[in-house]
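In the two complexes below, chain A is the common chain; its partner is chain B in one and chain C in the other.
Our next item is the complex of A and B:
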């Protein structure tokens, strides 16, 4: 992707953000982080949506823009004489804009790309959305106590994968345009912006360079972690996790990297649809066969699968590690299983 | 726009054959309603759709030289297979395939073959043997010893074909059952025991195994005793599947996916991946 000169920075006043998003939504399919019920999640823009840029990170990962929780793959119709017609999903070329996602969620797209675009046959519906995607990322000012993106090779102001990086400042937001695609997205909305004055620009630059205050911890050496996890496959440590895991799957649904799914039909004789929906390796039925045989029948097999996939299999297959350090699984696990403890167990003495 | 990954090809059922005395395995012969039959090789599989129920995984029972149609032998198990068994000639199903890797036939060239099978997994071996017995393929491999076991004589698949193979040249057929009936004159023992008893010549042989996990488990030590090397034992693996293309995350053995990197693995590869066998 072509990266433009970083001097292309413009300023959007805080008070103009609502009008800007409204205007942007006329030009593309826009997703923003919004408060829904008790959580914050990325959903398509609506005028009445409650934008929330403050929660670090939003409860739900941004992956749903590329990999929806539930997606129709095709519809089928059966006529009186039994003939079946298949109707593929309609496609569009309209840009798909992700607004306000933090660097952890955007780095996770690398891992999703590795699965859906590079691992085998490209996933056509994923690729279709990926090609349409333009990302306005959000510099992250106050990481949560459970965030550990820096240990995983990222950082609150990491701009990797973004087309535009938005830096929050007291009066508004500095938009750093990083790619031509980002430039094209906001070019028609130039009237919302003013030139960044030198003081604002240097404030933003200082923030970006320094990063935000962030919980400590040594950077993870992935090759060493992989070797340690592989060597520790029979350790009793896994049993200690399995003993408390409920198998609820929240850790995988909350994870921006996890991408397991199922395919099911929904409908009746006359017609219906085949859908793809998120699934979880933490469910015992995930691998249970018609005969009743289950290769991962015990909780410990499933706990191992989750972490082995993240820190061993992915790396073995040349894919990015399965964790970007967003901390969602840490905060949302009902029994407080903490992936940082798994990392520390296998990489002791470096924290 | 490219062909969407998960939209199947529509196929018409052109015949249904009841294969066994227990009437729970039917062979469906399918002809494409859209496009052509996608080229496949023995060992590969497909996802068959019953619209409104979903998809399930089946090995090709037909051989690539049978060009007009494809066939799958389906045992009635759960949701999809039950619905499929209710469909008759003329009904429309879906097919996504071929998926997975075929038998690496180049590695069989010039070698004798010891083929060991049981249960419905025999479908895949039928495809392999029917293909190898074609005029074009037959000269490429040496002696074929086929071991095939079922619970009782009425449960053998493809009985007429087995009768023909029995007379084929350079081919020995070893059938066995767990429980005989009044007409059965052959051995009554499990497959691994029969392989051990017959002790086929392994000096220039490779082995192929396809069957229920216990059969595989107890056959492997026998093959090892007969001096077959782990890299010369080819096993067709089975795991629950959905996508069939390495994406849904269900069928991995360690870092490999049975659907994408398999279903055929050598024993050597499997030993490196898992301690299941």
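Our next item is the complex of A and C:
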């Protein structure tokens, strides 16, 4: 991605945000964080949607823009004479804009890219969305007590992967354009912005440099963690987690990095479709084989798998670690299985 | 005051653990996660030092009996945990003689959602429970709320807080909400009286947020099937596509499977990451069973269950 040479900062007044989003939605497929029920999820823009930029981080991850919970990969039709026609997924070249995602979710895209683009065969459905993606990220003024992005190598104002970084300030938002793609997205909407005055710019710069105060332990040494996890494969520690884990899908569905899926064919004589849907290593049926044998038949095997994938297999495969420290699984796990405690258990003295 | 209470509780349970020679004890321990406690399987009396009981101990612990069937198990039970165990006994999923039950007169659990709404970013150590109040330490000084106002919806209509038929009935905690005034049937009544399309719209709207994470099924002490219908693929009763038909199918089926069994503990509603009011949506079935069979699940382990019992004098009104 081309980085712009000059640092290009413009200011959008808080009161102009609604009109800006409405205008932006006419130029691209726009996704924004919206209040749905008592939670916040990323969904396609609608005029009547309730934008929510306050929940840090939104309780649903932004991964669904690239990796939807359920998608139809293709359909097929079968005519009377038995001929089968494949109907591929519709594609478009329209930019796909993700607005208001936090740095943790955006860093998680690296891990998704590793799975869907960089292994032997790129995933075409993921790739067409990824290629269209333009990201307007949002700095976190107010990290939650359960956020630990800094320990995982990120930070509330980390700009990695963003095309534009929005910095929330008292009167509005500073838009820092970081790539040509970001520049192209908002260039036609120049009339919404004013030049950032020096005071605003320096306020934003101070925030960005300082990050928000967030003293949740030292940075994780992933190589050491990987070695410690491997050495501790048989520790009773895992049993203590598995003893209460419900084997539900909350932690993996909430995780911006988790990318396990299953494929299902829904078919009838006249036609059908192949869907891909989120699956979870925590579901006991995830690895059940047709014979009935289940290589991860015990809860402890599944609990281990989740953390081994994050801190061992990913790294072993030269992929990014499986956790960006968003804390969603921490707050949402009903049984308080806390990934920070897993890290601290294997890297004592750093928590 | 509550520290003294916890210490006394720990000592009482430890003494029972040792005296009875139990293999494990299922209860709760503190956690760093705001307004949550960790369900815990304690494997030795020493570990009990870490046991706590407070208004966040919502999760029905009876569900863990299916995961830890061996040996003699102690369980700290509230009214609803105890009633769920009765259903498990009726359904021959656990043997009463393998259990050592320590009953705690339930003070009514607190709503995490309500508290977080009122105090965003609230941490457990800012909350002090005493008497009929909950005091929250905020940067602007303490705020005292009535416990009754902060109760979990399910506890507002619970009339069985004191667990019956237990080996050890513990003293009441030094914090408790007054006796519930609401009645569950009255609470779900309006849903039953809605015109059909309005009720359908309510269900469709609430269930539209479901992500099929199955936490509601997995936490339910009475959903213990080895293979749930959701996971059967020959035939496939439903597919995993996150679409309204599948979501409806899942919930309507689970709902029917709970008829005459659900003890209205509210664990499913509490666990739902999408805050879907499952207890209410499922509640009409419970209210119907109460009305048609004068039966409330979990009150007596020796009674036959209305929907799995054949009786020759059944009027069979639904037939013909």
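Quick note on the criterion: the second predicted complex is superposed on the first by the 347 of 351 C-alpha atoms of A that agree within 3 Å, B and C clash if a C-alpha of one lies under 4 Å from a C-alpha of the other, contacts with A are read in each partner's own complex, and residues count from 1 in each chain.
Here is the rule we use: a contact is a pair of C-beta atoms (placed from the backbone, for glycine too) under 8 Å apart; a residue touches a chain by one contact, two chains touch by 3 or more.
Computed from a predicted structure; not experimentally measured.
Novice: After aligning the two structures on chain A, examine chain B and chain C and state clash or fit.
Specialist: fit
Novice: Per the contact definition in the header, classify A:291: touching chain B only (first), chain C only (second), both, or neither.
Specialist: first
Novice: Thinking of the overlay built on chain A, is A:120 touched by chain B (first), by chain C (second), by both, or by neither?
Specialist: first
Novice: Quick one: classify A:267 as touching chain B (first), chain C (second), both or neither.
Specialist: first
Novice: Angle chain B-chain A-chain C between C-alpha centres, in steps of 10 degrees?
Specialist: The angle comes out at 90 degrees.
Novice: Return first, second, both or neither, reflecting whether A:299 touches chain B, chain C, both chains, or no partner chain.
Specialist: Touch partner of A:299: chain C, not chain B.
Novice: If we overlay the two complexes on their shared chain A, which of chain B and chain C does A:277 touch? Say first, second, both or neither.
Specialist: second
Novice: Rounded to whole Å, what minimum CA distance do you find between chain B and chain C in the overlaid structures?
Specialist: 5
Novice: Could you list which residues of chain A make contact with chain B in one structure and with chain C in the other?
Specialist: Chain A residues touching both partners: 262, 264, 279.
Novice: Where on chain A does chain C make contact in their complex?
Specialist: Against chain C, the touching part of chain A is residues 36-39, 59, 69-70, 144-146, 240, 243-244, 246-250, 253-254, 262, 264, 266, 275, 277-280, 283, 285, 299, 330-336, 338, 340-341.
Novice: Touching chain B in the complex: which residues of chain A?
Specialist: 73-74, 76, 78, 82-84, 86, 88-89, 91, 115-116, 119-125, 259-265, 267-269, 272, 274, 276, 279, 281, 286-291, 293, 295, 305, 308-309, 312-313, 316-317
Novice: Where on chain C does chain A make contact in their complex?
Specialist: 31-34, 36-41, 59, 63-64, 67-68, 113, 121, 123, 209, 211-215, 218-219, 227, 231, 239-243, 270-271, 273-276
Novice: How about chain B: which of its residues touch chain A in the complex?
Specialist: Those residues of chain B that touch chain A are 1-8, 10, 49, 51-55, 77-78, 81, 90-92, 94, 213, 238-240, 242-243, 245-252, 254-255, 260, 276.
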